[in-house]
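All remarks here apply to the structure that follows.
Order as written gives the chain letters A, B and C; numbering starts at 1 within each chain.
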Amino acid sequence: MIPIRLAIVDDHKLFRQGIINLLKTYPHFDLIIEAESCPQLLEALAVQQPDIILMDIEMPEIDGMQGCKQILQLYPQMKIIALSMHTADNFIFHMMKLGARSYLHKDIDQDSLREAIEEVAAKGFYFTEKIAEAMLRGVQSRSIQKPYMNGNTLTPREKEVLTFICKGMTNSEIAAKLFISIRTVEGHRQHLLDKTGTTNSVSLAVFAIKTGLLSADEVGGHF
Amino acid sequence: MQMVYTIFQLQVLHIDRYTPLFIRLSWPGRGFKTFIMSLTFDRVIMYAVMIPETIAVVVGGLRLRHLQPPLRYLWILVLFGFLTDLLSRMLILFKLPNLFLIVLYIPVEFGLLAAMYRHELNDSRTARIIPFLTAGFAGYAFFEIITGKLQGFNREERFVEGFLLLFFVLEYLYRVLRKLNIFHLEYAPMFWLSAGLIIYFPCDIIVFTFSEYIFSSYSTNFNLQLWDVHAILTMLLYIFYTLTLWIPQRN
Amino acid sequence: MKYMLFGGIMVILLLAISVIIFFVVYQKRLLAQQIRLQSVQQEYQRELLTSSIAAQEKERVRIGHDLHDEIGSSLSTAKLLVNQLHHTDPEKEQIVASVKEILSHTIQNLKNISLNLYPSVLTKFGLVEGLQYLVSVLSQASPLNFSLDAEEISGLELQQELALYRIVQELVNNAIKHSGAGDVNIALTQTESYIQLSVRDNGCGFDTQDPGKGGIGLKSIEARKEMLKADMQIQSVPGEGTCIIIRLPLL
């Protein structure tokens, strides 16, 4: 039997090791990549690709949702199983929407985990009742709120938001301009602050000028 | 109160230091009809003063129900002033002395105005001594009646009255600035009353103070003109009274 | 001399008028200043309140998040590992089973605690989704019937949504603890000018006039209501139920 090649990415060392130990007990599972974060995983993926990636959703900097998106862009055939402490429908639905093949609760027991991995390897997906419920709700719901996700280097969207922030626009104005929710704008703003290591709009503006994103007179009169 | 003007119309019957003037000023003819024919500015003014007074009485009467207690004093004052002036004019027509009306008028005027300010300035030191002041004026009037000084022309009394009332007005204004709880000054009746008083009394005090001097040293014409000024001031004052009675209190 | 006197009177008159005008202008200016000062103070108070609530939320989110993810993960791992323990010895097997049970319970408790502290669904997906998740969890956990009628909400920042969520949490807790109700309904609607949140139960109600409803719970609702600049309306009929409506004006 061909061993199923697995990768795991989770920022919790204890949990990671727990899963690894678990998987070791199965001879047909071959763990080839162990990563602490998505960037690390991406590096490892450049060298060799597994069949299935077990991905944690809540990770600092780049979270599971963003990571899932990025990886599937680079490796569209990749099968990703999401792992999370979250059980809410919204999380499940969104991960599935982003391209995950299954969604498992971290509180899972051994057998279910094995079954899930085997099913995904064989059939390409593994739905539990919970997943089915969440999918049903998500599909039937009228309006889906897009979640705000963590990301790494300035995404194009973030660059846009940065421009508007430097022009002195408020969150509501930016949201209206870009047709996104205020929540998303706040998320972007916070990320801009985190990524640039600044603490307020003024330093953001300075950063923008320094990195050549905006010229000084574009920023000029607003501060 | 425009009756002061009438001292010049006193009949020869009452001989005092103003006598020389009276003979010259006595009516050219008899009766009401002849009076109307000899209208001059002075006389027009003298009777025109009754107009604002009447208006004030009427307005006050109409709004009597809506008026708060302190403003009712004002209406009584306005009514009293109106009646006093009416009486003084009638006395002129019948060529009777009317100087005694001043004696009665000043305490009443002071008493009513002071009562209003006492209500407004409650629990201040001034408010507490107001009743005593009113009693003082009344007492002085009583004293005057008893000693028969009715022909006197109480310049000093007017001066004291004006001075005291101005003091009340200033205290009221000070309070308004201190408390800063009146949002629309235009709608505070006491404000209009104070405005009227502050415009009337300083000028009136001057008129009174100098009238004696002018009378004795200068021409009659001058004196008459001085009293015209007084008349105009009175009209102004009654316009303010009317405003005070008319404005619905809003805060 | 005549002109001096009249001139003097004119001067005094003008002086009096200008005093009045000056007074009015000054009073209005002082009043405007006072109002501005008051509004600045109010703004400051509100900002203080906002930042203290924000700080509190940050703490809760941090703790809730760490509890949920870090500790939750570790506990799950422990459970996984314990699951790998198989003992032939029935006694030891009993102990292992007990450990597994304790771990399961703890993980469940942790979920509940962290849900109270850190509404992860709200943070990532918005108020409506957050409320839906809350309702579904509550329905499972308690015998009461919870229902939610909500349309999508736009135009609120995270702190505001969080504040509304906390208010709902508090109100629902009150309903569960005190009202003995069978049904609890949460409704969220948005119009052009305001966002309205209502929590309704069919419990025992209470007397709205009774000030006894104090306690810390209501205070935290007060604080958030202040921060949101929202109004709260309480309708209650003893014996029939209670309906609490929070209305948040939009700019």
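A few comments on the model shown:
Assume contacts are C-beta pairs under 8 Å (C-beta built on N, C-alpha and C of every residue); 3 or more make two chains touch, one makes a residue touch a chain.
Please read all numbers here as calculations on a predicted model, not as lab measurements.
With chains reduced to the mean position of their C-alpha atoms, the one farthest from chain C is B. For the criterion of most C-beta pairs in contact, the winning chain pair is A-C.
The central chain of the assembly on a C-alpha centroid basis is C.
Look at where the CA atoms of chain A average out and do the same for chain C: the two points lie 30 Å apart.
Look at where the CA atoms of chain B average out and do the same for chain C: the two points lie 65 Å apart. Rounded to whole angstrom units, the spacing between the C-alpha centres of chain A and chain B is 90.
Taken in their complex, chain A has these residues touching chain C: 10, 12, 14-15, 17-19, 21-22, 25, 58, 85-91, 94, 106-110, 143, 145, 147-148, 171-172, 181-183, 186. Residues 1-2, 5-6, 8-9, 12-13, 15-17, 19-20, 23-24, 26-28, 30-31, 34 of chain C are the ones touching chain B in the complex. Across the complex, chain B meets chain C through its residues 173, 176-177, 180, 182-183, 185, 195, 198-199, 202-203, 206-207, 210, 214, 218, 222, 225-226, 229. For chain C in complex with chain A, the touching residues are 65, 68-70, 72-74, 76-81, 83-84, 104, 107, 111, 120-121, 124-126, 128-129, 132-133, 136, 152, 154-158, 161.
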